[in-house]
Structure formats: structure tokens, C-alpha cells
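In what follows, structures are represented as C-alpha cells.
Shared chain: chain A. Partners: chain B in the first complex, chain C in the second.
On to the complex of A and B.
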């Protein structure tokens, strides 16, 4: 009896070891069989342009920090080269020119006024009441209403790396917009899936700074999405510090440290997304930063941060001679010289006051 | 290869294009000109008005030429091609212009966003204009980063009398003219509007007077207004001989007290944070006009102006010190890097005090205020008070645009009059001023605003109070904005009049395009347009957290009520005498036995006292309570035993 038991056990162990060896061998074999070029190609960046959608979903003065959050990211992407025409900035309330702001036209990330994140050259595409869930989803999915201005459209294509940054007040599975409506994680996932189906992005980096932020990316199923959240489900995302001169919190912890990191990044720096994902350890963030990598095929430690925060413009350097037919300068001069002066005419205006009253 | 080259090509092409444009190269005036002007006017009460005007005037001739823009922004040429718009005014303003103390502005504007446009073409229909109007608003919402896309049929009207066309079109073109007007009083104006506004300029914010417009020094003002005006002027006889004029204005009022200084001296550097670094190379002229006082010098200008200009307009004399920035910088050494600055230094008064207040102007001939009367959130009255301080009667046209959520009643419209010295308005109906003009288009809930235009003659030295009663509507749940308790706006009323003289009047003549054209531009009469304050009404606003509160409250009440009722219904209250347990073991035993015997005796007495069935029921209930309530104390258990 005992003998048979032993043999059965031994048998199983043997089988297990054999299986393990086969499996390991198989794995090793797999690695070697994959062509090197393919592995490398999968890690190469394949995008041709960059877009950023930056959303502050909170209204009211006490949410100053959310505006500072979104402007911090705006400042960074603009500094790293994404032009204003490819940044869609949504700000639900006006903090810079708010009557309560003692420094009109300025929004700072720090009570010591280190960085004016609002800057002197800012273009807000959606502001005030325009920041709604409907407009945000329409923007992502490219279903903007007829006649929408070009600057209010996300005109990305299959080669676009899109950065989506959201900040506001959230909860488990939703993010509030303007304190009156909310977007759920399912709606967000559906929107991104639709973007993928419509070939509106190549890779997508999703950042969210809100309470229980990780719940927002849980429903994602679309490929090539890398997501980072300032806090896990069940955790609050905390603000950094208060400025007594304005009486409200300046900025949230996660974005504060993200900006601190991004300030050191230059357009040609070798910093990677992998490093960026670790900017806010629990010791300083208090909340745990959540990361979702399973939909993303590249190793974040090999992805330059400028793939999402910078912009590329493909250029080829040529040492050869290039023939371009240009009109001669003389032609231009002659064109202008030969222009006949336009006929002057007298400008006569209608009476500027309604005649009926003077009768 | 091409892509690499293409980065170098545009500047090269631009260079080639620009070179022949300089006016010195040719005998005749170039077809496209750009002028930059800055007017600085000290106002009463330590305020300074700075008015920037950038004018691009393009004699483009044929419509096909619009495809090749040079100084004019491409978007302006494109809207002229795409839409039948002939004249367009947009203003984005924060603050309120104080007519009584500051006089009249060069360009008038209301708080928030305001736009109006004239459309004209043959075979143009009203519906087509409505469509084009909204598309045009959408275009500029993108161009100027503002929420102009909220302009639609629910807040637009077609004014009948107050706006007159300032464009010219071909005489043979007998198309009808359409005008549309809308205001968005809630619109905020900040750097995000200034940035794209500056980008419409040929030199952007890189050089020229626009470098003075820095966000930090524009938004700390008491009043700032950005304006864009586009109009086309076509020859009456030749449709292919047209001019497009783009006028961009920035009108700022600084409060010197807020600039933290001890005296009323000021300078360009003080106002704008920096001096002038040069002029825009593409500009035909680049000038600064410093207004001098009419009654004796109050300020000394350092450096002194190149020359002075004196203008008599409508019997009103104004003089300006003129700085030609192009000459200023060309005269300077080529390697000079100093920024150009102008300082206004107050003349020392006889008493030796530095502070010499700018005296308040005479009251302007006509000014107006507006307010809400009545209380409660159900109904009220909009009152507009117009004062005529002139010694002649003035014809006045008033435009009211009442949004659909406020219901105005025409039959309650009154224009009461009072002489300047009287305190109260006459209440007698017979004393009311008669209408000369009345245009009323009733509003329709969620579709059309109420449009009211009235014209009347305001007697000399008197004021008129125009009142109309309104009801506030209760909106649907989703129609409330996120900050519903902030209140809803009613846009400013627009008032137009014809002044017989030019006191305080500094607007440009309608056919002119430069500020200097207003010098000595005497006319038989001057059309003045001014705006009142916008109103804010608090519509009946529901408490949006009410359903949540009701649920919380109801649940609390139920929980509070259920506990005691349940325990009263299921528990038996028994009073137990407090006994002290003896320390001695033997005595303890005796005590226990005693108490046991005593309880048995008690039970026996209760049996004797109460009916048998009652006692059974009681015992049954007690057992039930024991099962249900886990918190029954030991003493009770003992007692039950």
C-alpha cells in the first residue's frame, strides 16, 4: 500500500519536473525563435504626431488646485514642443482672472510662486460651461457638432500619440464634471474603444489625478493604452499645500511631483515613461500611484517620455543637392511694380443715426 | 528631402514677399497697410486710459485676390469668402466703463462678449443669415478662444434701428441687408483671449506696440476691452474694387492707486511693465498720442513729444503730444538697446505738493444706468435711467435684449420723465414721454429672446426712467448651469443718440479708420453709442441636493423611530432592587439561596395577583425578546429565572 503511494507521488513529481523543463525549454526556444528585428520593432515608437487632451473638470474657486494641475501639464507639453493647435485644453472655470485672485492673469503651482503655470501665452479651447461630459466624449470620438471651430477638434489619426490628462473630483468609477454631472469609467472606456476603432490614436497615455483614480482605467479594453492614476480604488488623492494669500490649496500632490519631474525634462532628454511612472512614491504622494500596463505592448522603461509629452516632426537630413524651382526675385519685384494702383474711391457712409426718429 | 527644405522655405518666401512692400520702394501707396496707434489719456480720479488700435487696411480689389493674404490674417480673408458678412464687431470686455467720471470711450463695449454683424448679398434669405451667423460665431469662438459658440437663435436678435451699416457695397447689388446682434454677459476675458488676439497682428507680439500688452499688466486694470472690427468697403460703381479693414482695439483703464505708487506720475514702463522695444517693421505708421490737458498742463512729458497736434472737433478742443516711434528708433544709434519709455510727471502745484488730481470732467451730455426693481424670485422690473445734461433735447434709441428665461410685458412699458432738479419721477400717466419708435418682438420660451427697441426725444436737462415688468421663469432641471445660484444675466441695454457737439466725444468718424482721422473731424452731429450695466437676476433655483437630503433625513427618521418602538413593543421593563453581595463565602451562599427563594416567592405572589393566561402570555413574550435581543443583561435573565 505504502509502496504504491510512494510510487504515485514519485511519478507525479517526476512528471512535474519533466513538464517544467519542457516549459522552460519551450519558453527559451520561443525567445530565440522571435526575430530580433521584430522584438526591437515592437519597442520602437511608431507615431507620427502628438496630441494632448487636458481636462480640468472642476468649477469654483476652491478647486483652484485642479486648474493648477491641468495647467502644469499644459505648460510641460507646450514647453516640450506640442503646438497649441494640437493641445485641447478644457478648463471649467477661470482662476487666473477670477476676482478672488490677488495676482490677476497668473496661476502658480507653489505658494512661493515658483512657476506661473498659466504663463503669458495660453490658449484655452473649451472653457466655463463648455466643459461638459458631452463635449468631452464628442471631442474624443470626433463627433463634434457641425460648425465647431478647428481648434476645438481632436484631429488625430492612426499615427497620433495622444495624451489624455483628467483632473477633478472623482469616486469609484466616475469623475465629476462641474459638480453637476459625471463621466463613468465605462463611458470613458467606450470612448477610447471608439477612438481605437476609428483609428484616432496610435498609442494613448491616460493620466488621471483624482480620488480613486485607478477606477477610471479599470474598464479599458482598447490596445496600446498605458494608464497611470494618482490613487488606487479606495484611496483619496491628496493636495500638496495651501497658499494663505489665496486661501485655497495650490496643487495636488501627484501633479506637483509630476511637474517637478517634467521641469527637468528637455526635448531631447533620455528620460523614459518608466521613470515618469515612479515620480510619486507613496512616501510623498500618501496615495498609491496606480499603473496599468497590460494593454501596452512596449516596455515603459524603453519609451522616451517625449513620445507623449513632446512632439515630433519627421525630418530627413540630406547631403545631396536638391532642385527646387523657385520664382525669381525679379518676378516678385516686377509683379509688384506692374500692379496698377487700385482706383481710389470716396467713402460715404449712411447716416449713423436712425432717420425715422429725426423726422 | 523636401520636408527638410520646407522648414526653410516659408521664411525665404516671406522675405521675398515682404521686401517690395515697404512704402519707400514705390511711388504709390501700397495696397495693404498696417498702422499701430496708442492713445494715452489721463482720466479723473487717478485713472489712465490707454487705447491701442491696430489697423490693417487692404485694398484687395477683386474677390479672387482674397486667396493671397499678406498682412491681413488668413481667417479674415476666409470668412469674407465663405460668408456674406460685410461688417463684424466683436468685443470681449471685463469691467465697466464709468461714463460719468471718465467721459466717453473711443470704442464702446459691454461687459462680457458682444458681437454684431451685417450680412448682405443678392438672394440672401433670413434663414441663410441665421445659419451663417452661428457659423461665424463658431469660427471666432475658435479664433479668439472664447465661448462665442453659445450664440444661437435663443440669444440673437436683428436690431431694427440702433445699428446702422458702416460698410459700403456695390450700388447695383440690390441685396437686402441683415444685421444680427448677441451678447454673452457671462463671458470671462483673460490671457487666453489676449494671446490669440495678438496672433492676428502682422507682427504678433514680437515687436511693436503689441509688446506692451503683457497679460500681467492687462488684467490688473479696472477695465479692459479687446475688440475686433472687420468691414468691407466696395466702390459703388465697381464691385471688383474693394477694401477690407481690420481694426483691433485694446482699451484699458489703469487705476494708478493700484499700481502702488505715492503720486500720480506714471510711465509706459509703470503701466505695462516694460518699455517699448521698437516698432513693427511691417507697419506703415507707428505712433503714440499723449493727450494733453485742455485747462493748463498737468503733466510734463519726458521725453517731450516730437510734435503737438491740436484738434477742434465740434467746438471741443483737445491737444495731443505725438511720438513717431519709427522716427524715434531710426534716429537712435543702431546699436542702442534701451527700451523707449515715456513718463508723465505731474507739474508741481503752488503748494509744493506732488499730488495733483486730474479734475473730474464735466458730466457727459448723456449717460445711463440700469437696475432691477422689485423683490422676490417671481417677478421684477427692469429700470433704465437715461440722463440728459445737455441744454438741448436729444433723440434717444434704446435697445433691450431680454433673454427668454425672463418674460417681459410690453403693456407695462413706461417712460417717465423728470427735470434735473426734481427728485421724484412723475407718476401721472399723462406726463410720460411719448414713443417715437417702437419695435417689439416678443420672446418665446427656449426659442427667442424678447427684442425691444424704443425711440423717444429726451427733453433738455432731464432724465427718463424706462421700466418694464418681467416675470422670472422656473427652468427645467437640466437648464440650470452648474453654478445656478450665481444668477442669470440680462445683457446690457444699448443706447444711441445724436449729439450736436463734440464734448467728451472721441470716437472715430464712421468713414475713417485711424485715430488721427478723428482730429478736426467736425460734423454737424455725432452719433454716440453707449451701454448700460448688465443685470444679474436670481431665478427661482431649486435646491439640487434636495432629493439626497430627503433620502438622508427620511432614513434617519425611520431609523430613529424604529429602534425605540421596536424595543418598547418587544421588551419587558423590570425594576430590580440593588443588592450588595457579601464578601464572606458562607454568607454569599446564604445570600444566593435567599435571593433564589425570594424570587420564587415573588413569582408565586405574581401568580396569585394576575390572571393565569395573562402570565403565560407575558412569559411567552419574554422568551421571544430573549431570542431576538442579544443585549439583554444578566440581571434580567436572573430575574426571569
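On to the complex of A and C.
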């Protein structure tokens, strides 16, 4: 028995060596490129669903801009098709109902107060003091406590593309949560590694807008992670502008320019992540945007932005009656026969920024 | 065996020998270093630029929304108030103020208080404050901000500040229309200067706690409504709606100051609205002087320290500090009519109103009390300050040599005592052994009793003037207090001639003086730097010169005179004399001396009243710390002579 096993192993080894030699010989014979079909296959999107985890980690009225940041990103990913059930929105403080807010129940992301990003259809999953490092790590790693509502769980799988967006006050190697605790870059890296081991993502896009943001992705080792940060280690991320009628900074620079880009993206857009990584040159951002690509196998310029900021399946809005169970019923058959074709319609979302805004 | 009485340590060593040789030089060097360090603080290298460290304040991020209508309202209200004032020559038009508060939709209340005058033999004064609360519309009433304006009756001797109340009312009317208040705003009009404010604050914080207040001199009563814990307060004193410049007053009770952030906030917002504002600001004419930057800074510093030293607040804001509420007063000065400056009464106060609005909105943004910036600082310029870490070394250097001297005196104690006591012939080899036993047999008990008695004299200064049997004497307050103080000083003066301390007692007393003095100066300096520093500067040379072993007669006479000059009463008299000399330059010296004496008596009485009503501890410190320290010094100066004489006579008889 053992003998046969050995021979099988030896055989395998032999085959392997032969294959290697052939491969090396192939390379030596100036065939430096991989087969095209293989290359293309590697660049293809491989996900089946999309999730987004959007976190505002800081509280207090003077951090209004962080809430505006996260709500604006929320609005954008929702517009591009990720349903509320697959967006985990964490907001550490209630700016809309802060007693200091001259516009009660509303949050704006620019001084024109063009749209209220805290509109009717915002589903905040973790609010106020629920936004803690513990809850965030539990959420990522899927170790939520018993009894946690389904809407508060990241139910992603091996086919999910996950967008993680963090904003708040950071330092070298940490991001402050609330006013009492921090998540370190090591904890973040460990959490993401666990996600990978538990097959909770296919590809992960990590986006962070804080001071010294690049320090947060330094410790990552997990594959298929693409990270972008608003500033390098040692740099501050700055806010974009003040609304003097509310009396706070409205939005951060990096998020502002990221949104400006996202606004032009439509669900079937050909825009790529590669373009998105360049939205905020130092000229406008003042801080240097940091990008980490070494863990990511695809070329960002070939990855559509909707791989992370949208939902995979193109959805078709039907204005006609569709019956999925009672197709044989007579009245339905008659209805379908008599129905008039309706006019085509288009859903238009209002732009977040108007053209005349603060150029 | 204790560390200090360990014979292996206390024997003569090199350090003590060297120290004893150079102690005078060392002390003088430290003293000079302290004074020089203090003078250096005025140089820009030694102080820092101010900055706002509280993020939450976000000053100037909002555009002011207060408009010219508010100014119109203020002008109209001022006219009404002026009419009211004609009928109320020496009373406050409470009804009018309350009616206006109610008209603007504030929750209006009145607060009654009674002052039982300590020397009036049961005489009582009554007062009434009016306040209106604007409740924060969308949050519980857990925090509040106070905007106050003192009302002065037309018969007051102080400068007229009638427009403060209309300005406060105009701002209240504006604020009531806004929905963004996160703290209750209290608009408060007080009367009788600081008394009304003190009564209101006491009633606000302790009103409901007091069960029996018959003993208190100020019966503050209770308030019908409150607005949570007060976070900050702004006191407004406006001489005229046409504002020339703003003087920001910060010195509070016992030299306490509001957080530096609060001062910076006011400065920042005033600058934004284009209002000329500053600390100890003076009219433009005086500002155009040819002083150097350094000289200006030094003057500013000394001005601040001298106004802090007495511990009397220079505005109603100062009483808030007692309750850990950061507060300051903005005093708007009247514009002197100038042909070049065209004034427009319809919009004159708009910048000031805008600034008040800006300050209010920043204070509204506070998440907790001011805590980020400094509470102990000296302002050298409107935008420069010295922190406690930079100025304390000056005081410590001044005082440091008391501890060195105390150590030295203790170390050389054995020798002196051995030399005076033991037979010179047998001293030789056994002196160390004799010294060890000597330290244990020193007259600790009698020195302790002496110290206690001296402290008791000081304590009497606090208690006696307020006793009922004294207040029934046919004497008014000032002579009564003064005669009691003079009496106590006389006891202190005579004490060393009556009481003879056993041998070694004077040395022990000297050590006690040095340690108590050093600790007292540092503690007082920490709480009220200016008081500690000024006292240390004038008294430290005496402490250095004081030497129980001195044989130089002229030196001893000098210390004797210097000690007499440093008597607390003499110092108070000299200060008052200098002040009245500058205030009434037309008086001759003979007229000035009695006048200063009566003024000094008044000053002592006011200090006593301040201490019982407002909690100012200057009088207490002078009586309980400075007077006993002086008596001890005096004992050391004159007591030594007797000691020497005794030994001399002993030697003669031997």
C-alpha cells in the first residue's frame, strides 16, 4: 500500500518537473506573455453580489462633515444600485437632530444646501453609541452577537465585492471611534484577514478619509484588497468648505472630489476604478492620496467602478404587470392581451452638486 | 531614628560648610535670578502667541445674522429706559425691565435678596434682580449660558452704563427667534454692582439647599427657575451705543481668571466684526506712545498683576469664577465726539451686537466646560500670554533659598546650641555627641506653643471685628476694624519682649519661619500668582538678611527697620498713601497723611466685608498668614538681642 503511494507521489513529482522544464523552456523561447484568454479571465469581474460598509466614526457637532461624508457616499452607492439591505451604515452621532442644527432633521453636504443627504430613505444600521470598534470588527468578521438584527449583519459570501468606507479622526496607525476608543491598523488588517479566511469577500475596496489615512492600510496582507486613502502618513486631510449659515465645515476634500466623480457615473458606466483613484490630485486635495495596489491582482484601469460602487446585476425596471405564479389564469391572460404598451421612463436622481457650486 | 535627626547625616560635612560660607551669595543670586526671569517674561522669546485650543468653539464659522433692526430696537429701548430713569433716581425700574423681558417672550422671574450689613447692628438692605430664561428649543434644560448686564441707578458714583440693558434686550429679542440654541440662555439684569450678582449666583447654586440662613450676612434666597449647570457667562457694560473700543476685563475673585480660550474667543470675534478690542485697552490717544514693545509688554503684565493682587474682581464676571464658570466682562467705552468720525446712530451698535451673537453661537457649540486651554496665565499683549509653567519658576527661584536656609540652619543648629550652652573647655572632642543629644532636647514644645499663639493672634483678626459685642460699641465699621487690627499688631509687637524662649528656641523658630514662609508663598503664588510674587519680592530680602547669629550692629538695625516697614498694616498704609498721592496730586503731604490713614482703615474694612460676603481671601491671608509670619520675624529680629545679652551677662557672671 505504502509502496504504491510512493510511486504515485514520485510520478507526480516527475510530471511536475517535466512541466516546469517545458514552462521554463517556453519562457526562454521568448513567449513572455501569458495566454490571452487567461489574462482576460483574470481581469474579469468575478463577483456575484455587492456590499458596502460605510462608517462615520466620530461624534460631536463640529464633526458634522464626517456625517455628511458618509451620507453622501451612502447616497451614491444606493443610486448606483446597492440596495439598503446590503449597505451597513454606521453613524456615530445624530447631526440631523442635534440641537445646534439650524435645519432640524436635515444634513447637507455643501453650502448650497441643494439636497438633504439625510432624506426620507436613509437606513442607519448602527447609530450613536452603537458605533464601536467592537461592533465594527464583529460586523466585518461575522461574529455578531446572538440576536443581532439581520440588517446589522454583513451577510457577504465568497462572491461578494465589499466596499468599506471609513471617515473620522485618525492618526498614525489608528482611527478614533467616538471619543473614547480607536481601531488600530493591525486590528483592521486582522479583521480583513479573517474575512478572507471565512470567505466573506471576493474583492475588497477599502477607502478611508481621515488624517494620516494611509497608515490604516499599511498592515494589510489579505489578497484581493485595493485600498485608497485621502492622505499619506504625516499629512492631514482637510475639509472642503464651510457653510456659514450652519456654522460648520460641510464635507472633507477627498470625499468631495470622489463624489464629484461618482456623480458622473451611471449604473452602466464604463468608468474604471483606475480613474477613481486619481480623482483628487494634490493640487485640489492638498493632501496626497495614497493607493495600495500590491494586494490586488487586477489592473484597476480595467475594473469598472460599478464593481464596487454598484450592484452586479443590471436591474430592469418594469412598468408592466408581471405575474409570476398565476400565468394560466384567464383574466391575466386577457389583461396581458389587452394591455397598452406604456411609455418608457427614466429614473433621474438629483445631482449632489450643482454646476455653479464653488468651482 | 528619623532622617533629619540621624547623627551620621547631621554631622558637619563639606556641603554644609561650603553652604554656610556662600549662603548669602547664593540666596542673593537666586533672588536676582527670580526677578530677572520675571522681567524677561515680557520679552517675546519668553511668551507665546495665543491660539484657540477648543475645537468645539469653531469661532467665526457662522455669518452673523443680527441686523440693523436689532440696533433700532436697542436705540428705541434706550430712549424708553432714559424716560424711566427720570422717575427712578435711586431705584431700578424693575417693572419696565420685567415687562420688556416678558414682551420678548422670555420666561421672566425676579429674585429678591437681603443683605444684613455686618457692622450695621442689624441694618438690612434689600435688592432685586430680574432675569429671563430662553429655553433651548430642542434639548433638555441641562446647561445654560448667562448674559448679564448690570444696572446702575442715576445717583451712582460710577460711570453711567445704562445702554447695557437695552443692548441685552435687543440681543435677547434676536436670540428668541432662533432655533439653534443647545443651551438655555439666561438674560440677567443685576443691581447694586457686585452684590446683586453675588446674591443671584448664590441663590442659583445654593438657594434650595439652605435651610437656615439667619447667620449669613447675605441672604440670597431662592430662585423660582433655573437653567441647568452654567457653562459660561458674558457680562456686558456699555457706556454708549456708539462704541469707541472694547476693554475686556478678566480678573476675577481672588485673582482667578477665565479660561484663556474664552478670552481668545472674544478677541477673535471682536476682530472679525471690526470692533477695536483688547485687554486693558485705552483710548487711541494714549495708545500712540513711543514705548518700546518690551516696555509695553512689561507695563501690561504689571497692570494685570496689580489688578489681580487684591483679589477683588474688576467686574461682575469675577464672581462666576467661584463656581467654576468661565466669564468675562466686555466694557464698551463711549466714543468721544470727533469731527472726523461720522457717527451713525442707527447702526452704531451693530458690530457689537454681531460680536455678541458670534460669541453666543460659539459658546452654544461648547460640548463641555472650557477645559482645553490655560486657567493660569498672564497676558502680556492682546495676542500673547505667559503660561503658569513659564512664570512659576520666577517665584520658585525667589522663594527657593528659604528651604536652603532652613536646611543650613538645621544642620548648624548643633554647633550654635553647643557653643552657647556647653562649657567652652569641655567642648572639644565631645561636641558631636553633645550635639546629638542636644537635638532631641531642643525646646520643640515651647516653640510650638509660641507658633500656635502667634497664629491665634492672626485668627483673632478674622473673627473679632465681627463679634456682636464689638458691633454694639458706638464705633463705625472702619475705626472698629482698624483699632482691632492695630491692637493685634501691638500684641505681636510686644510679644517678643514679654516671652523669652528657651535657648535654641529662636533657631527652631527661624527654621519654622523659613519653612512656613516658603510653603505659604508657593501656595499663594499658585492660587494668585501676583499676590505671592509681589509679597515675595518685598519680603524676601528680609528673609535673606534675617540671621539670628548676626553680630554686625548696623546690619541688625537695618533688618529691624526693614521688618517694621514690612508690617502688614504699614504696607497697607504705604500702598494707600502712594495711590492717594497719584489720585489727589493737589494735596500737601500734611493733608495726605491723615487722608491716607482713613482710606487705609476703609480699605481694611472693605477687605473684611469682601471676605465675609464674597469669599475674597485677601483679608484672611493677611491676618492668618502674613501677620503671624511678621510677628515671628519680629521675634527673631529683636529676640536675638535679648538672647545675646543674656549669654553676655551669663558669661560676665561666670
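Just so it is clear, the second predicted complex is superposed on the first by the 279 of 359 C-alpha atoms of A that agree within 3 Å, B and C clash if a C-alpha of one lies under 4 Å from a C-alpha of the other, contacts with A are read in each partner's own complex, and residues count from 1 in each chain.
Note that a contact is a pair of C-beta atoms (placed from the backbone, for glycine too) under 8 Å apart; a residue touches a chain by one contact, two chains touch by 3 or more.
Values in this document were obtained by computation on a predicted structure and should not be read as measured data.
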Is A:118 contacted by the first partner chain B, the second partner chain C, both or neither? first
Partner chain in contact with A:62 - chain B first, chain C second, else both or neither: second
May I ask you to decide whether A:244 touches chain B, chain C, both, or neither, giving the answer as first, second, both or neither? second
Could you say whether A:348 touches chain B, chain C, both of them, or neither, answering first, second, both or neither? first
More chain A residues in contact [chain B versus chain C]: B
In the overlaid three-chain picture, which partner chain does A:35 touch, first (chain B) or second (chain C), both, or neither? neither
Touching A:94, do we find chain B (first), chain C (second), both, or neither? first
Now for A:104: first (chain B), second (chain C), both, or neither, which partner does it touch? both
Under the stated touch criterion, which partner chain does A:128 make contact with: chain B (first), chain C (second), both, or neither? first
Taking the two structures together, which residues of chain A meet both chain B and chain C? 60, 97, 104
Interface residues, chain A side, partner chain C - complex: 60-62, 97-102, 104, 242, 244-249
Across the complex, what residues on chain B touch chain A? 1-5, 7, 9, 16-17, 19-21, 26, 28-29, 31, 59, 61, 94, 134-135, 138-139, 141-143, 145-147, 149-150, 161-162, 164-166, 168, 186-192, 195-196, 214-216, 218-220, 233, 235-238, 241, 395, 397, 436-437, 455, 457, 481-483, 496-498, 510-511, 525, 527, 544
Touching residues on chain A, where the partner in the complex is chain B: 59-60, 92, 94, 96-97, 103-106, 118-125, 127-130, 147-152, 178-180, 314-318, 320, 322, 324, 329, 332-333, 336-337, 339, 341-343, 345, 347-354, 356-358
Would you tell me which residues of chain C are touching chain A in their complex? 55-56, 58, 61-63, 136-139, 178-182, 361, 364-365, 367
